[in-house]
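In the part that follows, the structures are each spelled out as structure tokens.
Each of the two complexes below includes chain A, the first together with chain B, the second together with chain C.
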Partner chain A sequence: MNSIHDMGGMEGFGPINPEENEAVFHYEWEKPIFGFFFCLFAGGQINVDVFRHAIERLGNLHYLEGSYYEHWLGAFQTLLVEGGTVTIEEIDAKMTELKGDAN
Partner chain B sequence: MAVLTPEIVPGLVAGGASARVVDADLPAKFNVGDTVQMKNTNPSTHTRLARYVRGKTGVVNMHHGVFHFNDVIAHHGQGHQNCYSVKFTMLELWGEGYSATDYVYIDMFDDYMDKVS
Partner chain C sequence: MPHDHHYDPLPDTELRVRALESILVEKDLVDPAAIDLLVDTYETKIGPRNGAKVIAKAWTDPDYKTRLFENASAAIAELGFSGVQGEDMVVVENTDTKHNVVVCTLCSCYPWPTLGLPPVWYKAAPYRSRVVKDPRGVLAEFGTTLPDSTEIHVWDSNAELRYLVLPQRPAGTDGMSAEELEELVTRDSMIGVKVIAAPA
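And now, the complex of A and B:
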């Protein structure tokens, strides 16, 4: 698939500035996202290549603007919906509910 | 269904799982030293054949063995192929102005290439 993940030879992204003593996780929400990978792998919902391909299908703008674990989250959503575990409607309903809690 | 237990998590996190197929009876299609050309292909499915190397010519530098073939595993299929380290000059990959004596080594599957000589 020819999408934005295939960046070999591209220029214009600016310098790479690694953080000193970089934390493993930058936000609390990233921890369960990391854990999801192993749960879904053990449960047979994903393998590494299915997961990578789902990240390739995020959409090019989302891919460039999203953080590392946002890519993971997006891939899990795609694969759980495609696999029939959850529906987009269920995810949207939960998002609306959580937004309500925040207000 | 497999179950994820606390005991197997540290090993998975530390090392992942190998994609090598140790019991495959699959002869190598190419030999070390063969000149090979990568296919020019643009599948809408998953591939590890990066755009910048499609159509380019290199030399087989090493035979890694047989590995699960990502291009089909990514679509819930089953398959395995020989994997090789292929040596490309910077000149071949990037063209005029780039070195003919600096190299990039890229891992390639059987299906990604054809023998030139």
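And now, the complex of A and C:
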């Protein structure tokens, strides 16, 4: 697919700014997303090809605004919903529930 | 917006992760203990020290180096490094006239068994977009300046094929053991954005 992910040769993204002694994960929420990859792969809910295809369908704005593991999160949600494993309503309801717990 | 290392999550990312994790655990599709183990493995066991062992062996064992170019995945597996995101490896060698640098313009393909998980800059738009168009400019941002006579080859990784750069062995290291040489090998030199300095 030809979309924003195909970045080779584009201009205007600014300096690279490599970080010294960078941590493997930068936020706690990145860790479960990383783990989902292996669990869902082992469980047969995803494979490399459908995962890649789902990343490429994220939408240009989300792709640019989101970070690496947010791309993964979006792809997992797409594939789990398309595969009938979860529904968007289930996710929304759980988010509302967890948000309530936090207040 | 992710800009260099101080990227912030989108507004509902953290909540969405917790919700999805909770649902997947309820459905018995995700095991939190397995996630903890995976995270620990990639934080502490699988990283660029693995790749450094491959490089030091290639520098000190000519037969190994031959095998590394014949079948990189098999030669790397000899040292115990194989598996996810390193199934099909290719090693490219730096010389006095040729320098190699690796990118994944489409995403962030990276050889996990030898280098671990990629740094943020490798996954972000500035590096991915620019290194294929202006490799010398990008290398300069890493403090790397090569002679104009050195050809730069940029290798674009993909979901199947992953590259590892064999850096040049620095001068003044003739008497060093493979173990000592390993310590000189950096992650960035195996991606190809830096060269290895001679030991002080």
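By our rule, the second predicted complex is superposed on the first by the 103 of 103 C-alpha atoms of A that agree within 3 Å, B and C clash if a C-alpha of one lies under 4 Å from a C-alpha of the other, contacts with A are read in each partner's own complex, and residues count from 1 in each chain.
To be clear about the criterion, a contact is a pair of C-beta atoms (placed from the backbone, for glycine too) under 8 Å apart; a residue touches a chain by one contact, two chains touch by 3 or more.
Given the structure is predicted, the values throughout are model-derived calculations rather than measurements.
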Exercise for review: Counting touched residues of chain A, say whether chain B or chain C comes out ahead.
Suggested key: C
Review point. Regarding the shared-chain residue A:F13, is it in contact with chain B (first), chain C (second), both, or neither?
Key: second
Exercise for review: Return first, second, both or neither, reflecting whether A:V50 touches chain B, chain C, both chains, or no partner chain.
Suggested key: first
Check your understanding: For chain A, which residues lie in the overlap of the chain B contacts and the chain C contacts?
Key -> 6, 8-9, 38-39, 43, 48-49, 52
Study note, to complete from the structure: So, in the complex, the side of chain B touching chain A is made of residues 1-4, 8-9, 12-13, 16, 19, 42-47, 50-53, 68, 70, 73-76, 93-94
Study note, to complete from the structure: Counting only contacts in the complex, chain C reaches chain A at residues 1-5, 7, 9-10, 12-24, 27, 29-31, 34-36, 38-39, 42-43, 47, 84, 103, 105-108, 116-117, 119-121, 123-130, 132-133, 138, 141-142, 156, 159, 188, 193
Check your understanding: If you look only at chain A, which of its residues touch chain B in the complex?
Key -> 1-2, 6, 8-9, 38-39, 41-44, 47-50, 52-53, 56
Point to revise | Partner chain C, residues of chain A touching it in the complex | key: 5-11, 13-19, 22, 24-27, 29, 31-36, 38-40, 43, 45, 48-49, 52, 55, 64-68, 70, 73, 76-77, 80, 85-86, 90-91, 94-95, 97-99
